[in-house]
Each structure stands twice: as C-alpha cells, then as structure tokens.
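Here come two complexes built around subunit A, the first alongside subunit B, the second alongside subunit C.
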Partner chain A sequence: MPILRRTASVAAGALPTTLATAAALALFALFLELHGVSAARALGLMWQGAFGSMFALSNTLLRAAPLMLTALCVLLPARAGLIVIGGEGALALGGLAAGSLAIAAPTLPAALAWPLMALAAMLIGGLWIGAAGWLRQHRGVNETIGSLLLSYLGIALFNQLVEGPLRDPASLNKPSTLPLPQTWMIGTLPGTDAHWGFAVGAVACVLTWLVLRWSTSGFALNVCGGNPQAARLVGLPVDRLVIGACVAGGAAAGLAGMFEVAAVQGSANASLMSGYGTAGILVAFAARQSPLAVIVCAVLVGGIGASGSLLQRRLGLPDAATLVLQGLIFANLLAWEAL
Partner chain B sequence: MSVNRRQFLASTAALAATAALPFGRVRAAEPLVVGALYVGPHDDYGYNQAHALAVARLKTLPGIEVVEQENVPETVAVQKVMEAMIVEDGAGLIFATSFGYFPHVVKLAPKYPAVRFAHCGGLWQAGRDPANVGSYFGYIDECQYLNGIAAGHASRSGKLGFVAAKPIPQVLRNINAFTLGARSVRPDITTQVIFTGDWSMPVKEAEATNSLADQGIDVVTCHVDSPKVLVETAAKRGMFVCGYHADQSVLAPDAYLTGAEWHWETVYSAYVTAARSGAPFANLTRGGLQDGFVRMSAYTAATPAAAVRQIDQTRAAMLAGGFDIFRGPLLDNAGRTVIPADTTLTQTDITLERMDYLVEGVIGAIPG
Partner chain C sequence: MAEDALTTLAIGIIGGAIRVGTPYLFVSLGECITEKSGRVNLGLEGILVAGAMSAYAGAYLTQSAWTGVMCAALVGLLLGLLHGLVCSLPRVNDIAFGIALMLLGIGLAFFFGKPYIQPQAPQLPSLPLGAWIEDARWRTALAINPLFPLGLLLTGLLHWGFRSTRIGLALRLVGDHEGTARALACPVRQVRVLATAAGGACAGIGGAYLSLVYPGSWSEGLSSGQGIMAVALVIFARWRPLGCLAAAMLFGATGALGPALQAIGYSAGYHLFNAAPYALTLAILIASARPHRTLAGAPGELSLTR
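The block that comes next holds the complex of A and B.
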C-alpha cells in the first residue's frame, strides 16, 4: 500500500513540528496566564486574526508570500548540508536590481520589464548567496557566518546606492530609487488581496519539491547533504551542487525582493529590510526543509504575524507577544528535532 | 460597505449631537474610533513615544475609543493593519505615524473614502493624493535652535556633538539649527556630527557617543528614533545632553539640560474635533512653537541660569513670529555662501525642506 506508506511518512515528518508547535502554544498560554491575560481569549483572538474571516485569511496570505521565497533561500542550501541565514541581504539586493531597471529603461513595456526585473533580481540574489557557498567550498569560510556578513555587506551596498547615485532626487526625506512606472506595478490575484508573489512563491516551492524529489540533481544534492564524503567518493560534483543550491536559494530571496518592489513599495528603499529574510529561517526550520511544508509553514508564520494585530488592539498586549510565540516555536523545534 | 455607512451615520449623529447639546454630553452618540500605528515600540523614549503620548491623551476625551498597534513595518502590513482597524474596529480616523507609511496610506485611502487618514510627514500634494488623506509635520528645528542655546551656555570646551541617523534635509536642518543656536551664545563653538546611517542603530549610537566624549566634547544631542542610548551613555560619560523627540529627563536627571519635543496632542485633538464635527479635513498642516506643534522639555537643575534667560527670550520672539533661524549671510562649513546677505528664509520657506548643507561651525561632511 504505497499510498498508506506515503501518508504515514508525511505524518511522521509533520510530527516533530506539530509537537513543537503544540508545546510552544502550551508554554505561550502559561506565559499569558502568568501575565494576567486569559490564554483562552488571547488564543481565540489569534485564531480570529489569522484565519477567522476572509479578511484575516487574506492578510495572512499576503504576509506569507515573501516568506515562502526567503524560506527557500534557507532550504535549498540546507539540502546540501549548509545553514545559510543571509536571505535579508539577497532580498534587499534583488529589490534594488528591480528598482534599477526602472532607472535604466523606464520606457520598457511591462510585459518585458517583469521578466527582466525578475531575472536581474534572481541574478544578484544568486550571486550573493552563491558567494557564501563558494567561500565555503573553496576558502573554508563557515557559510552561516559568511552569508550573515555578506548580508550586512549587501544591505550596506544597498543603502550606499539608494542614498547616493541611484537616489531619486525627489525622495528627500526617505531616500528611494525612482518610482517604477505605474504600468509595471504587479497586481493582486483575482478575488483576493494577495499579490502575484504569493502564487509565484507557491509555484517555486512546488518546483523545488519536484526537482528535489524527482530529478537526478535533486537526488545528488540530497546525497551531498547527507554525506559529502560519500558523495565525493561516488563521483558527484559536490562543489557545483553546493554552490548551485546556494545560487538557487539566493535567486529565490532576490525574487522576493523584486516582488516587494514591484508589487508593494513601488521603488527600492529601506523599507525592504523589514525582517522577511530572518522570518524565512523560522519557516524553513518549521518545515523541516521540506518545500511543500514551506507553503503550510509560511502561512502559519504569516498567520502569527497577522494575529498579533488583534492581540494589540483588543488586549493591549505589546507587539513582542507574537515574537515570544515565534521564539518558543523555534526553540521547541530545535528541542524536538533532537529527539 | 456597511462600515462606511456606519461611519457616515456616526459622524452625522455626532454633528447633530454637538449642535444640540452642550459639550460633554455627546457621549450618547456612537464613539469615534481612532486607530494609531507606530513603526517602533510605543515606549521608545523617542519618535514613537511622542506619538503614543498624544494618542494616550485622546483616550481621556469622552466619546473616543483608541486602538493602537506598534512595530508595524513599512511594508504591505501597514495597509492590512489600517484596514483591520477600519473593518474590525470601525475606525473613522487613522494616524499613520511613520514617514514611510505614506505610499500605503495613499493606496488604501480611496477604498475607504469616509475614513480620514492622517499621516505624519507633510507629503500630501493637491491633485495627486486622495482628499481623505492628510499629512502633518512640525518645525522642530526651532526647538533644536533653543537646545543649541542651552548647549552653548553649558559647554566649557566649546565643542558640541550631534549623533544623526541619515543626512536627509530634516536631519541637516536640525543639526544646523542646533549649531546656529549654540553659536548665538559663543560664535567660536563647533558641533561634531556623526551619521550612524539608520534610524535605529543602538550599538553605533553608543559608539558614536563614546567617541564624542573621547574628543573632549561636553554637550550632545541627536536625531535618531530613540535617543535613550545616547542620553544614558552621555550621562555616564559625564557629558550634558539635550533631548529630542520626547522628554528623556528621567533617564539622566543630572545631565539633561532641556529637550526638543513634539507636541502632537495639538494636532491630534484638532483632527479629532474636525472628524467629530464633520469639518473639512486638513490635508496639509504644519506648525512650530507658535502653533503648539513642538515644545521644549522643562528646565532641570542642570540648565544654566543664563541659558534659561536667553532661551525664554528667544522663544518669546519665536512665539511672536519675530524670529528667523536661517538668515543670510550664512556660510556652509566649506566656506560656500548658502544664504546671501540680504535674504531671510522664514520657517515656511520650501527651500529649507531641500537643505543639503552643513553650516559653518559643523565639523563633518554629508556622506554619499
């Protein structure tokens, strides 16, 4: 019964995350009660704020859109055995690349501008995270530190360019690149508030799953992540696989930046650096580096973000309340993973 | 669109009630729900606290309900939070308090034409932006000028320090006003400026403050989102400090000379009154000391008596409308004339909002 076995394996895969989330929620409830807040009321509000209405759901999905892509920036290198945490910088540079196209060729028709913006964003994102992979394979630089430092460099470069040569002279008090032509702005999915980035993120997750599950290079990548020595012994091109995974991950984060610019901000400015890159790490770990689970976990993390709104407005809880929950989930994930 | 209709009825009812009843008995009408969004924590001793304090005062008014959310990043989350306040809480007036919220305000406003969106930053343009969006800002450089006077009197070394976030016109205007205020006391005073590069960089702000102390500077002020780190570090290093955004005197009672504070309460009560009476929405509103948009922190035991005298005098002149900070001849710190001899720029002059220079006496350069 292959279907039964498949179901059992999915359940087994989801178990640690489910247990960790349950344990985190229990601890969170205790934390709320200790602070004199009714946990039942708070958790009820969180549900209502995240999934309780069409409005809440659409808010959740909107937040999930960039998280799927930044999670892939963690997931793909993780499959090769790397822990990469520099998605924020790749996202910023991807956004900058998209914004730069509007400076270089503002007369392009949207149908041409969209693929070009996406391509430019993916190139620079891929280059950035790919560099972290190259430094690890060829210079022995730890990829976690390397990608984090490269992320800082990317953000510094972003700020330098946006506040200097690429600045729209009209953006006096909030340095930004020239606004994208109105026709370039990416619209919403029919019938929802979520922009096309959500669909692209979900498709990217499914594609990643297909490649990892059904292609030879996906299989090779998994072998390489499982045991690089063995992978080398059987003649797999380990360096190319590792760096390739980093490039693909960085491209995903860069694409997230392009959507932030072309669907939300309308120009590249410092608002791009608002933590999507870091929240993507939580999503990837919660999904236990499984691309299909990333879709579910991005929605969950997006939901936690959305639910914080009602907690603040109805109960007067600080914004940090949802951060506490996110932290508890992350700590529990790591703890349950060890079991 | 039931919410919009309700909002409309509510404001009509409020209008009728105000007309018919003496003040204070309006309670019977449906309350006006006011939503406020902050980009950082509401208790940051700085930019956000200044807004949150004013909103807190609104809560004490009869017939006003307040919903608040802090740490709202300048992403699409802004639109969602505002929409949630409108749809789920019935907000009829929104205060979007961060400069970078503007594109999101402009995007959402046409969908809820009965709701009033007030944005802090002064960006609204007639013909371009929706009629139910308003933008407000204040001339806080007047208070930074007065801060400069306090610093000029308190400094023994004649060397002042300024920790600034980004070299944008608003910030440069504050640095220049502070320096001009100090040089009105002692013409040879200098202000060393350090740019940290971003609005909230606590570690860099501490490093900058320490480095200013190491250079023998004895009075500092700043333009960053939360001056807490600067104020505490400066006090620890034995420097005097002039506050910014909000009152930080509790953080360093012995070192705090005075401070430049926002007084958004004036603006917010005006918006609330207009919303309740159905009066037209003020799309663009700006003001300084004269209009009560900004104010000075109370003097402390550390404020020199001579400073108190000169500040009181200058403030009285500003309140009477007879004082201009930026008068020619004014040189920048490279010796270039930026305001010719026969020119005086009044506070409302739009060229001041494009400021791209540091005046003579400021040590440092605009990066980039």
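The block that comes next holds the complex of A and C.
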C-alpha cells in the first residue's frame, strides 16, 4: 500500500520534531512552575489564545502568513546548504517598497497596484538576500553573518527613509509612510479575519515543494546542498543555483513585508520589525526544511505568538514568555537531532 | 570655529572608541576563545543581552555594581556551557544552535527583565584619568570605565596564554586539528566545552558593560547586534587577541561617529551613521575573505571559514 508507506514516512519525519516540541513544552512547564505560575493553566490558556475561538484562530493565521514566507527565506538557501538569517531586513524593505509605491503613484487602481507592490517588494527582498548569496559564492563571506549584517543595514535604511524623506508629516508619535489608499488594502479570507497573505503564503510553500520535488533545478539545488563538490564535478551551475535560491527566498520575505503593509499596517512603519524574520528561522528548522511542513509549523509558531497577549492579561506573565518557549523549542529541535 | 568643531569631533571619536568599543572588546575576546577551540557561538548575542539584564538586576538587588558584573559573568558562563554541551552531541550544528541560543537568551532576558526597566541600579564608577587636563572635553573623553582596563588585562593574558601556556597549546591544537589532538590524548570535548563556557562568561561581562556603564540602563533595545558583529571582528582580527583589541577600538570609533557628529550639530543621516559599524563589518569581511581558500590564521576545525 503506497499510501500507508507514505503516511508512515511522513510520521517518521514528524517524530523528532514532535519529541523535541514535547520536551520543550515540558521544560517550559517546569520554567513556569518555578516562576510560581500554574503550568497547566498557562498551557490551557495558550491553546485558548491560539486556537480556542474564531478570533484567536484568525489572529494565529494572521501571524502565520508572514511566517510561512520568512521561513521560505531560510528554507530555500538551506536546501543549497546555506544558513541565511537575514529575513527581517528583507521583510522590512519589502514593506517599504510597497509603502513607497503608495507615495509615488497613489492614483493607480488597486488591480494594478497589487501586482506592482508585490513585484517591487520581491525585487528588493530578492536583491538583499541574493547579495548575501553572491558575497558567499564570489567573495567567500560567510552567509549567516553576511545576511544578518545586510539585514541590519536594511533596517537602518528603512528607519532613515521612514523617519526622513518618506515620512508622512501627519504621523507624529510613530513615524510612518503615507497611508495606502483605502482601495489598495487587501481584504480578508471569507469567514475569517486573516488576510489573503495566508493563502498566498500557503501557495508559495506548495509551489516551492513542487519545484524542489519535481523540477530539474529543484533536484540540482538539492545536489548542491548535499555535496557541492559533486555538483561541480557533474557540471551543475552551483553559483547560479545557490544565488538563485537566495534570491527566491529573499523575494518571499519581501512579499511578506508587502502583505504586512497592504493587509495589516496600512503603511510602512517600525511595527513591521516585530520578529517575523527570526521566528521564520524557527519555523523552517521545525519543518526540517520541508516546504509543506512549513505551513503546519507556521500555524503552530503563529499560535504561540498569538497566545502571548492572553498569558499577559490573565496570568500577568511578560509577553516574552512566548519568546522563551520559541527559544526552548528551537534549542530542543537541534539537540534531539542527535538521536 | 570650524577647527574647534573638528577638535570636538576628534575628541568625541577617541572617547567614543573606548566607550562604545569596550563591549565589542569583551564579546570578541569571548568569541576568540571559543573559535580557537574550533567552534562558533553565534549565541553570544543572546548571552550579551542576558548578561546585560542579569548585571542590572544583580546590581539593583544587591546595590553593588560589581556584584552585577559577577552575575553577568555567571549567566554567560552557564549559557556558554549549554552551547558547549549541546554542540558536543553528535550531528548538532554549532551555527544553528547559536541562533537558537540567541533566541533563548533574548527571550529569558526580556522575561526576567520586565520588572527592572523602571528602577535605577547603581552604575560602575568611572576612573577620571583626564582630571589633570584643563579642557573639559578631554576630561569627559578620558573618564574611563573600570571594565576597559580589565579588558586590556584580559587581552594581554590571552595573548600570552594562547602562545605560551599548556592550556593555550591544547586549545589551539583542538581547534586546528581534532585528529592530532585525539592522537595526543587531548580531551577534545572538554576543551571545547570549557572554551565555549569561558567565551560565554566574557560576553556576559560585555553585556554588563551595556547596562551598568554605557548606555547604562536596562531596556529591551539595549544591544545593537554587538554579539553578532563579534564573529566578524574575530575574523578581522585573524583570531589574535591583540587584533581583537584593535578591531574593537575601530568599531567603537565607527559607532561613536553618529553621536559625535550630532554633538557638533550635524544630525542628518543619523540612522545611517548608526549603521556604520555594520557597513564596516561587511566591508572588512569582503576585503579579508577569499572564495575557495581558507583564511590565514583560521583554526582548521572551524566550520565558519571552511
């Protein structure tokens, strides 16, 4: 029975992640008990805050949307053997590109503005992470550090422009670009408060899976990641594949920024940098760099983020409690890899 | 008075090199110890933030700044130990676990640091080395924090220790060639775990500097990525402690450029000048790294440069 075998292999793939998550939850429970908080109550509240109501679920999906895309920014380079962690900067610049279009051409009809915003965001995001890939392949600069430095530079550029030339004079306390025209705002999925970015993110994950699983370039990319020397020996264009994977990943992160601006914030401002880039790294590692699993893991990590405010309101825990849990999950994921 | 403004700028940058550079010095020395053993710890960023928080909390609770520094070193040691132990397990990638430790350290620091954002903890007193100078600008610039001489001492100690002691030799051997180290019955795993823990303690002290000297309070936006840049600094320093000192001062000066320019009334491009250390790091990496070739001075077992 091929289906049975398939299910078994999916279950075997999910086992280490499940074990690691269980261990992380146990440690988190211990952490909370030591802190004088009932762990059972806190974990119950977390479930309620993430999936317990329609409102909670919408909030979770709202956070999962950018997470899927920033996870792809880690996953695609990872398939080529690179650890890229600069998604946050690509996301910010993608959002800035979308916000800038609203300043440059506010009279465009939405049907034209959406593809243009998406294109601009993907271009700048792809350029940013692609640069990290280029620097690695052609200058020997370690991509982990390079991408993070580029991310810091991107965020500085973002702040400089949003607080300077691109600032809407009416935004007093929180420097922002001009608000997007009302008609440009991207609507919600029918029946939820989650926006279309979630659907786009899921489609991007499926597309990535299709390309990696069934296309020749996807296969070649996996060879590069597995053994670059072998890939070079059989004549694969290693540099082009690696940089291409970085560009595609950066484009995904840029797109995440565009959706944050056009579906959530309404303008480019500092709220874009709320940790989606970093949490996306966790999602990609939890999914063990498999694009379909990214969809599931993004929803789970999004749920952790969504439950933070409930923990804060009901138990008085700092909102960083969710960060602690994310860190514990990440650490356990890697430690359990040893088994 | 263009000349006067220029002097102010120069003094601001010299004073800033020490003021902004000290945390770079401690973090990069810590990373240097760790990398000499053949491991990379990207989690120093998390350790720095956790160190800053625990130093502030320790100083506030005991009303003694030096106890705060000890707390930070201890927390850094423990987190470094965690990195060292987990990365000793088979198939654990040290770079990836560093990212996890970064998340965890920052999460823990923000979690426990919430109550300490408001209160004022005692600060480390500065040493007025310039008290004999007339010019007030020089006096400010030369009011050196007590951690800087400590950092100089540590630099010298490591410079000597790496070259001329048994422990230093064992550390370099483990980092350069694991096989030889094993053949000579050198305890590879223990050396790496201890080196990572020691590196963590140094980074913790660097964090203590941030919350107890400059900027001198605990807030969630305290670190500006010094822990990450330390990795690049160590590459620039070619894994030499004296090089770390030079790199830290250079980075301090670059970081002080923005505020120094603001002091003489030039505030355009503030965010861009604040990003100068990142640009400098990247430029240095591009200039010093070469594709398809290992860097001179790099420990042979280091995954970062292979």
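Observations
Here, the second predicted complex is superposed on the first by the 337 of 339 C-alpha atoms of A that agree within 3 Å, B and C clash if a C-alpha of one lies under 4 Å from a C-alpha of the other, contacts with A are read in each partner's own complex, and residues count from 1 in each chain.
Just so it is clear, a residue touches a chain if its C-beta (ideal position, glycine included) is under 8 Å from a C-beta of that chain, and two chains touch if they have at least 3 such contacts.
These numbers come from a predicted model, not from an experiment.
Once the complexes are laid over each other on subunit A, subunit B and subunit C cannot both fit and instead clash.
Contacts of A:Ile281 after superposition on the shared chain: subunit C is touched, whereas subunit B is not.
When the shared chain is aligned, subunit C comes close enough to touch A:Asn142, but subunit B does not. Look at A:Thr192: by the touch rule set out above, it reaches neither subunit B nor subunit C. Touch criterion met: A:Lys174 reaches subunit B, while subunit C stays clear of it.
Using the contact criterion defined above for the overlaid structures, shared-chain residue A:Asn222 touches neither subunit B nor subunit C, since it reaches no partner. Of the two partner chains placed around the shared chain by superposition, subunit B is the only one that A:Val264 touches, whereas subunit C remains out of contact.
Which of subunit B and subunit C touches more residues of subunit A is settled by the count: it is C. By the document's definition of touching, both partners, subunit B and subunit C, reach A:Glu163.
With both structures placed on the common chain, the touch criterion links A:Gly305 to subunit B but leaves subunit C unconnected. In the superposition on chain A, A:Arg313 contacts subunit B only, with no contact to subunit C. Subunit A residues in contact with subunit B (one complex) as well as with subunit C (other complex) are 159-160, 163, 318.
On the subunit C side of its complex with subunit A, the touching residues are 42, 46, 82, 86, 89-93, 95-97, 99-101, 103-111, 114, 225, 228-229, 231-232, 269-272, 274-275, 278-279, 281-282, 285-286, 289-293, 304-305.
Taken in their complex, subunit B has these residues touching subunit A: 41, 67-71, 73-77, 80-81, 83-85, 87-89, 99-100, 103, 121, 166-170, 197-198, 353-354, 367-368. Of all residues in subunit A, only 83, 85, 135, 137-142, 144-146, 148-150, 152-153, 156-157, 159-160, 163, 278, 281-282, 285, 317-318, 320-321, 323-328, 330-331, 333-335, 337-338 touch subunit C in the complex they form. Across the complex, subunit A meets subunit B through its residues 49, 55, 59, 62-63, 159-160, 163-164, 172-175, 193, 195, 260, 264-266, 269-271, 274-275, 305-306, 309-310, 312-313, 316, 318-319.
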